[in-house]
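Below are two complexes that have subunit A in common, paired first with subunit B and then with subunit C.
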Partner chain A sequence: MLSYLIRRILYVLPVAFGVSVICFMLVQIAPGDPLTAIMPVDATAEEQAAMRAAYGLDKPLPVQYAIWIGNIVQGDMGKSIATGRPVAGEVLVAVNNSLLLAFSASVIAFPIGLFLGFLAGYFRDTLCDKAVTAIAIAGVSVPNYWLGIVLVIIFSVTLGWLPSMGAGPGGSQDWHWDWLHMRHLILPAVTLAVVPIGIVARTVRALVGDIFSMDFVQALYAKGMTRFDVLRHVMRNAAATALSVMGLQLGYLLGGSILIETVFNWPGSGFLLSNAIFQRDLPLLQGTILVLALFFVFANLIVDVLQAAIDPRIKRT
Partner chain B sequence: MAATDLGKFSATPVTPGYWSGVFARLSRDPIAMLCLLILLALILSAMFAPYIGLADPYKGSMIKRLAAIGTPGYPLGSDEQGRDMLARLIYGGRLTLFIGLVPVVLAFFIGTALGILAGYLGGWVNTIIMRTVDVFFAFPSVLLAIAISGALGAGIVNSLVSLTIVFIPPITRVAESVTSGVRALDYIDAARASGGKTVTIIRVHVVGNVLGPIFVYATSLTSVCMILAAGLSFLGIGVSPPEPEWGLMLNTLRSAIYVNPWVAALPGLMVFITSLCLNLLSDGLRSAMNVKA
Partner chain C sequence: MRWVDHDGETMRLFGLGRTSFIAATAILIGGMAAAQGTLRVGMTAADIPLTTGQTDQGGEGMRFMGYTVYDSLIEWDLTSADKPSVLVPGLATEWSVDPADTTKWTFKIREGVTFHDGSPLTAEVVVWNLDKLLVETSEQYDPRQAAQGKSRIPAVASYTAIDDYTLEIVTKTPDATLPYQLAWILMSSKANFEALGKDWEKVAMAPSGTGPWKLTSFVPRERAVMVPNESYWDAGRIPKLDEMVLIPLPEPNARSAALLSGQVDWIEAPAPDTIPALTGNGFAISSNAYPHNWTWHLSRAEGSPWNDIRIRKAANLAIDRDSMGALLGGLMVPAKGFLPPSSQWFGTPTFEVKYDPEAAKALLAEAGFSLENPVKVKALISPSGSGQMLPLPMNEFVQQSLAEVGIEVEFVVVEWNQMINLWRAGATDPASEGAHSINFTYFIQDPFTGLIRHLSCDLIAPNGTNWGHYCDPDMEALLAKIRSSFDPAEQDAVMRETHEKYVNDALFLMVTHDVAPRALSPKVKGFVQAQNWYQNFSSITMD
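Let's turn to the complex of A and B:
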């Protein structure tokens, strides 16, 4: 186990390095000079050169990267061009809000997805299986930003039950676990949960169906085990794969909530990201994406380790 | 009898090819056929939009803004600038379908090529290609598409570029794993032992055997690509106004949900229908080609 753990962590390092290189390159592929956003229009060539030197933009790319990554390791992600505030602080607050949304969506999605998938896999080729498959297909096909708008039309505009925007009353930014704030969470979390419900249900259905057709299940029945006890064995076999799918989905929820956060004006990382894009605030864009991607890498690492912990077959490969 | 005449009496029985079998099985799948019909209708109406007697999708009318569905002259209502929704939805299919399908096609060719190279050659070629792919896998696809599009700026070409980059890594990964599976088979060894060159072996023996599964996998990505393409425009980093495009229309109509909510929801419904049909058709193709997920 320990050697697997070490190998897996060592494997993450080059990936994290690659991720940081891609985030660094984002600013390089952006058209236009990054200085034009902050320099006055009538700046002389000398002033521009001085500014360039001050930001280290006159150095070769690898050196610029080394300076950039060195600062990030020390927690300095630069300053936002639009607000002048440190990027790290803004990203932290926003990612916190996104995590809240992603976890809430998982709490809704995973139990429902697991239950539906199990039901369909157990009652293969019945009406129940067909219904679940239809739900799952609809779930993975729906553009969730549109679903969010439809839910707002139904529950906010028509029925007036739930608020359609923000994370608290009066555009409040501080989260509290009370009904006034939580009712703001319901619509975005449900919207975000639909796609993972479809994916988890689909995967678990196929998984459970495959396991039920394995020889050892026949053997268990043959030795006189009850259906319920057989089900326990099947669940144990399915657990590792189901877990990895759910872990991956949690990561996707964090990175994929951008569109949903825009629909609901949720003050999370996606909201920050779209602001950064429209104000051409490249340091903010870079910092947000780096943090989200590293979160995703980290989530994958934890899933892999947990998977190995519950399924001894994985360590050998 | 002359030797040339003998050719007419070939002893080989005429067996239907692999693809005709696939199409025969697919045509017996009612759901897949229905989806294929809907998709064809969408594509054809988008292609021939100027010739089927639609209203001008760019011509607005200040007094006829946000007409309800069924208003005379506006079968599907009108948008926030009084433009005919039916015309805009059909014209909108042009850009959305284009940006939603082309990246997967491009990524299919590039990813397949990279994957076959990595899977067949192995060694350091494999290491370089697959470790690069791993890095791109560290980004959720939505995040990567938005990051690249956001950095490049709005525009159709930039959307195509960013979505193509998003779909190359997953296709490469599948192509590599299928190819290394085929690479281990005996007939490849036989071909190499009989002196076949690498290029020839890949062209003759590998490509035909790996293309099926990769193709099925690529079709399963089209629905995600469609949703992402419309999503980029919805965020304002894809197609620019006043072009009709489903995601962009959904965005500009958001302010209308208090006036005429169901008209505002129509462009998203188009994305949903298209992506649903793409998914169901891909599932049908998967079982018709007997490819395991």
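Let's turn to the complex of A and C:
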């Protein structure tokens, strides 16, 4: 197990390096200019050149990358061009807010998805299975930003039960686990949970169905086990794959919520990212993408390790 | 030339007798007694504008973080909705230019003004603020504020504090537009900067200006809270509210939903298609003409079809602007010129900008084109962008209108940030892909931003913002005369003459003007929307 763990951690290093290169280069491809955000549109060419030099944007790309990665290794992600604030602080606050949203959505999505998936897999080809499949397909297919707007219209605008935007009455830095703040979380978390509910339910349904058709299940029945005991074995067999899907979904929830965070004005990493894209705020963009990508890499690492712990077959490979 | 402060008028008012004095006192006390309520504003910006003095985020930044927390020497009059906004004394009570040397200006600094931290405003502090933007070796030089402010005062060569309340500014060349330039420059507190360890990042969290509002708390990207400055120097502009909260809400649907669900009381720029829902639910839409335009800036580079005045005039006659109004929920002023018809500088152009497709076709026929043989033009447009209104449907409307008279438009669509770069690069830059026009909305509030910068020969891109490479000796003479007319009335007359030339020569495709719509909760009372990019929030109360 230890050698597997070390090997798996070492794999992360080249991936992280690759991710950093891609993060840096990707944002350079898009046309546009980060200085637009910090200078009046009619600033003179001379003033623009001076500002470009001040931010080191006049240097060749490999030099810019070397400086950037050198600073990152030392824990300095630079300063946002648009706001002048340190990128690390901005990303930390935003990722923290996104984590809050992602975990809340996971708490809603994973148990429901697992439950529905097992239900459909166990009662395969019944009305129950068809109903769950319909829910799962709807969950995956409905554009979640549209769903978000519809939920806002119903629960905020028409009924006035829940707030439509923001992370609490005093902003995210004033977050408390009380009803006044948590009510801000409900609509975005529910909207964000819809896709993973569908994906987890579909995956688990297929898994459980397949496992039930395996020979060992017949053998268990032949040994005289109850249906409940057999289900326990099936669940254990399905757990590793289900965990891997949920790990990927957690990564998706953290990084893939740009639209949801925009609809609900949630001050998370997706919101930060979309603003950074429009402003061509390169340091902020690179920093945010890097942190999210590394989060994804580490989420996968944790899932792999957990899988190995659950499923002895993995350790041997 | 001399400007006189409000105070002079106030004294004369008191001179009218005791009745006026009692009435004025009663109004003041009544206003103070009504002081209550919090106004929560949903801005279109994605972040709280820079708080240290010179703001970012364009017009919205100046509106909410500039003229609220800070003052400039000379300010815009924001008290009237009915007439064009003009310059009035701010932190300078009067100013004059030396008739013998018109580069030399003297400003009398308002006495008794204090910053929010209690320190006094003096001429020396004004000098310190100008150094903050212009002198890179000064300890208070702030690249972020300089990036915003330096290009606004290109005329300034040097400045000196003659005494505590007298400031002298010398310009590089005689330039009568200096008062307009200074209306951009906001004064931060030197004492506050020093008390916070001479660190602008710390000042950003606890800024100090002389303005009617004090910033009390600030969470980047989420909210800023302001309270009234009870000792503001202009008693008439002491805010009546208890608190004003600014919330960045860049997504238009999120802004409307926040207003409809009662999380904010005021939103900037509601999307036109949400306006029926807003008014149907009792929300008020406030709008007014202001110095903004939505045009196609035409290329006058060699080979551009727009070099032919007949084609330019034909295009201006081809657009049914009233029908376009339906697209925008009626929230527009159809263009009659480059400046809005209500502008003090509109003048009396002889070419009437209107919808007359037959006249347009006749002009095109004269130029050798017809529906069967259309003139072909390439147009740079962007699907979104600050102040661009609804660029895609509006541009498609223009494209269709022009096609109906014999002008075939091919669009080059680029994202807004890149559009700004292409605008700076100019019509002949290869990145502009040979486009013959660029759809760019303009802030046209003062002589420089309104008229000079678009067509001045020495500002041809990339050196300046004359995107279309236009250069004409008659226009050049007019622009020079604007800068050398030190009598405001005479300067206004030259401005009108210049604008008449803009229109008579059909130098732009003049389409429409925005009306700065904002949606307000029925609880919001007392707002007067000035014909300006900035607004006064002091008169507002909440029911």
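By definition in this document, the second predicted complex is superposed on the first by the 279 of 317 C-alpha atoms of A that agree within 3 Å, B and C clash if a C-alpha of one lies under 4 Å from a C-alpha of the other, contacts with A are read in each partner's own complex, and residues count from 1 in each chain.
The definition used in the following text is that a residue touches a chain if its C-beta (ideal position, glycine included) is under 8 Å from a C-beta of that chain, and two chains touch if they have at least 3 such contacts.
Computed from a prediction, not measured in an experiment: that's the story for all the values here.
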Handout entry: Partner chain in contact with A:275 - subunit B first, subunit C second, else both or neither
Key = second
Practice task
Could you look at A:224 and tell me whether it touches subunit B, subunit C, both or neither (first, second, both, neither)?
Solution key: neither
Practice task
Pick one for A:45: touches subunit B only (first), subunit C only (second), both, or neither.
Solution key: second
Practice task
Identify the partner contact of A:262: answer first if only subunit B is touched, second if only subunit C is, both if each is, neither if none is.
Solution key: both
Exercise for the section: Would you check which partner chain A:15 touches, where first means subunit B only, second means subunit C only, and both and neither mean what they say? Expected result: first
Practice task
Classify the contacts of A:62 with the two partner chains as first (subunit B alone), second (subunit C alone), both, or neither.
Solution key: neither
Practice task
Tell me which partner A:153 touches in the superposition: subunit B (first), subunit C (second), both or neither.
Solution key: both
Handout entry: Footprint overlap on subunit A, where subunit B in one structure and subunit C in the other make contact
Key = 31, 149, 152-153, 157, 262-263, 278
Exercise for the section: Show which residues of subunit A lie in contact with subunit B when the two form their complex. Expected result: 14-16, 18-19, 21-23, 26-27, 29-31, 137-138, 140-143, 145-147, 149-150, 152-153, 157-158, 206, 251-252, 254-256, 258-259, 262-263, 273-274, 276-278, 282, 285, 289, 292-293, 296-297, 300
Exercise for the section: Enumerate the contact residues on subunit B facing subunit A in the complex. Expected result: 131-132, 134-136, 138-143, 146-148, 150-153, 223, 227, 230-231, 234-237, 250, 254, 257-258, 261-262, 264-265, 267-269, 271-272, 275-276, 278-280, 283, 293
Completion exercise
Per the touch rule above, subunit C residues touching subunit A in the complex are 46-47, 50, 56, 58, 143-144, 147-148, 150-152, 201, 204, 219-223, 247-251, 253-254, 257-258, 260-263, 414-418, 420-421, 423-424, 431, 449, 453, 462-465
Problem - Complex contacts: residues of subunit A adjacent to subunit C - result: 31-33, 36-45, 47-48, 51, 54, 82-85, 90, 149, 152-153, 156-157, 160, 163-167, 170-174, 262-265, 267, 271-272, 275, 278-280
